[in-house]
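Pasting the structures in now, so scroll down.
Paired with subunit B in one complex and with subunit C in the other, subunit A is shared by the two complexes that follow.
For the complex of A and B:
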């Protein structure tokens, strides 16, 4: 009985993924595309936005692994480095077009993720995290002594004509949009429902029939694929890649920062986190040496005072959720759009 | 009625340590089958062999006419064996409803749309319906135990395994649990119930097995089993020290 009152005291959660949210998102995305076509943004703005799009994608993928599935990875840079080098090798060694380089990078990322899964999925929690990191470092070391990728000397990406900033911006924007749609839809599927259960208790999830290995594999491969493309685009923008830049743990550090600050386990969190991260990163570039210290301090403050991150705290305080993966027993009132999605 | 489950001369253990010694028993369809025995007698090992966490070194386990001795746990769940955890393990970040929905979607292989009805029925049967939107992490112990059962029901089991659901509850709550088990039986589920709370075993079960040293010591109607000398010796003697 006491719980009955508890239930009535609790404010109902409003889910904002009905028509209004959809329209808002479409407008924002349409604007981002239109701005590119009509050349509204300066190339500096485009560079900022491009960075944001790529970091959102990487953050969403890390969040999908850690926040929704319970696989905290410290080795997503594996896929960034592999894809970056693939584009470099494809364009400079084999003179392939750049899009083909990206596709091969994607394929290599997915295949490597698939192969690694057989080793990695035997481990959980901290062991999984450390194993992913060790693998990334091992690949980095191997690349430094592999003549095929110019040892540690780095490679440059060559393409004729080399994609200009607006084109790279378009690639990044499209990747970000597709990544958001994939994450949202994945979480709405049966598998998506099982993921949250797995995160909370993998054994119990398995005992109610969730296929742990299959679900993990699906999520890991998706995360690897998108992270790989994001890495490829990043290095296309940069022009050169070294083992130390491609396989750097800093990639994962930024993903963790983005997800923790934005709100782990929320779809909107990494979007906010990535915007905060890129703006801070650009701003702090004026204070070389201090930037990591300040970023770290911010992360600690957020963990202490807003453990659910910016979006997580806002959602809890204001009782709403954007792109919620929640399932409700009644699906008429707030939910509207959801019934159609099923 | 036929047997839903039989153990035939099952030997099993962990590594070289053999726990179950030539264990045989059978559970009839639609009955509540109680299992008692002192700590270390192999109840949990029997349970693990039944859900597939350990594979017997010899012997045969038949469920619903199929030999399941070597079938994987997830598959057993889909065949209709629903388990509960002794210490409840809800998915704390999900609502009560979502907890059961996961089971109905993955365990019973329903589409999410059909699973809703299954989940809501399970919640009604376990009296959690009113609390369905509460995060599972906020439930009381009794409600967590209810949720364990509701989640198992979500997988649409033929056989339901209850592992010490009455442990740690007050006397009034134990009554609630017994009422719930009676409802489950009336709804047609076959139930295996491992328990230390004697009252539940005497009053709620149709057959009672007392285990000792990995073997069935005595099987029969609950009252005669409870009152027999052998059971008193191995079980009740130890039970005194066991009191929590």
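For the complex of A and C:
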């Protein structure tokens, strides 16, 4: 037993962060912005990338809830639908500008998440999962009989001038960048470390001073806010929203797929997962009707044979972590260096 | 008089809802698994009954002779081939696998049977019995009888047979049961088999009473889950009462609002008393 532990300690984990990685990231982001400004990307490429950015954001948020905090939600579509409808109501009923619609959507998402938390946080595990789903279905059902949102008839988003693809691309890119920074910084804080502790053992975490309710609330509200904005941007790109499209369980299907395939509980996982998902989704569009069957089968196979996902498995096999949220002690790093010398 | 009419309609619906919940509660209580594919299992049952009845030109109820064993074997195969393996990895991966199964099955049915509405018709479908000012559909009485009979047979099986006792033992204490020579994996497989068999019967009832689509599974899953949560997991009498509550909510609220009332009831119940009204 002892040998095994020693061996695992000896293997050095390369943490890819510091100045070099930061510069690489800044270059990538700067390129993504510059490409848009100088019109390097075709509008098709921009549409793909926009989708990827939005799905990364949604995936990161689902991962924050399920992978890092242990709150497996099946109802994040609540915030997508709410924000989408808010933008539609704000722009078509009240003639408000689109950015104000997004802001109100964000506010509604955050407030609803705050209110729901009092009910939801009384539950754990599968009860939480099902309750989030039931709430999404309940809101969807209510919207279908609510004249204010045109019942089940759907609403269209109106704006003059209507944002073009490059502008929506910029919104999505900015959201993605902010979301990544927030997730990384959050996980590095004391609260963030408390989250993983809570996920692994809520009682133990609570006894060493993690305020469970506060931490959960913070994460849930952040996840709701970002998911809401992602939903709003998605529906601005689409133009129309129906209760059945806004509150569809398919949103959760894609978030689960992205996180499971990319690697649950890793920050870089959803990025890889979202790229795989969007490419696969485009490819599967050639086989109408088969897309969910193949996505579902892949997800099940990944859970069975590659439970850490793509990034999780790579990190374990190759002993590296990109911008790890963990705090590696100097002591461990020293042991690693010694092992290398030997 | 109108109250009695409501009550009767509620009871009629409640029987079907209880049957929906029984399959879910079996898996919840015995296998300790939240089966998010239960709604799709029910719809598979509905398609099986409708198609067999059409193909053979027999009464839909008679198709149970074929569909119940078919679904039982399907359930056993699914549990021993897939779910037993995932359950070793923990409860959340298992939850997500049943979620994956539900979307696979839903789209597979959409491909196979198209998006058209289906309905299993029978000769007695529109017969109505009148007692004074109260009217009851003959179909409702038959469906209630089928539901109650299925639940009764299941209760008898769980209480009186050796297999049933070993299932209950596994549910109470997995380790002790396996020490006494009960094969836990086999028991789980049989439990899912039974759950699928009840789904076959529930599917028949749904096919006879309403029109259904390939995508209807989700709403029946939520009803089943609601019945389980309100009744208390693993409790069959609780399931009956909860089925009745849901039936009444549906009758009082109508199609759309009834669903909303059920959802709100379920959320309140989850928040206040998640162990259910009749938990052990």
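Here is the rule we go by: the second predicted complex is superposed on the first by the 322 of 342 C-alpha atoms of A that agree within 3 Å, B and C clash if a C-alpha of one lies under 4 Å from a C-alpha of the other, contacts with A are read in each partner's own complex, and residues count from 1 in each chain.
Quick note on the criterion: a residue touches a chain if its C-beta (ideal position, glycine included) is under 8 Å from a C-beta of that chain, and two chains touch if they have at least 3 such contacts.
All values derive from a computational prediction rather than experimental measurement.
Within the superposed three-chain model, A:206 lies in touch with subunit B and out of touch with subunit C [touch as defined at top].
When the two structures are aligned on the shared chain, A:197 is found in touch with subunit B, with no touch to subunit C. Once the two complexes are overlaid on the shared chain, A:283 sits clear of subunit B and of subunit C alike.
By the document's definition of touching, neither partner reaches A:94: not subunit B, not subunit C. In the superposition on chain A, contact is made by A:265 with subunit B only, not with subunit C. Of the two partner chains placed by the overlay, neither subunit B nor subunit C lies in contact with A:114.
By the touch criterion defined above, A:31 lies against neither subunit B nor subunit C after alignment on the C-alpha atoms of chain A. In the superposition on chain A, A:162 contacts neither subunit B nor subunit C. One of subunit B and subunit C touches more residues of subunit A, and that partner is C. The touching residues of subunit B, when paired with subunit A in their complex, are 51, 73-74, 77-78, 83, 85, 89-95, 97-99, 101-103, 105-109, 111-113, 116, 119-120, 130-134, 138-140, 143, 151-152, 154-155. Those residues of subunit A that touch subunit C in the complex are listed here as 66, 72, 74, 119-120, 122-123, 125-127, 129-131, 133-135, 137-138, 141-142, 144-145, 249, 253, 256, 260, 289-293, 295-297, 299-300, 303-304, 307. By the touch criterion given at the top, residues 3-4, 6-7, 10, 190, 193-194, 196-197, 199-201, 203-211, 265, 326-329, 331, 342 of subunit A touch subunit B in their complex.
The touching residues of subunit C, when paired with subunit A in their complex, are 34, 82, 85-86, 89, 91-93, 95-97, 99-101, 103-104, 106-108, 110-111, 218-219, 222, 225-226, 229, 256-257, 259-260, 263-264, 266-267, 270-271, 274.
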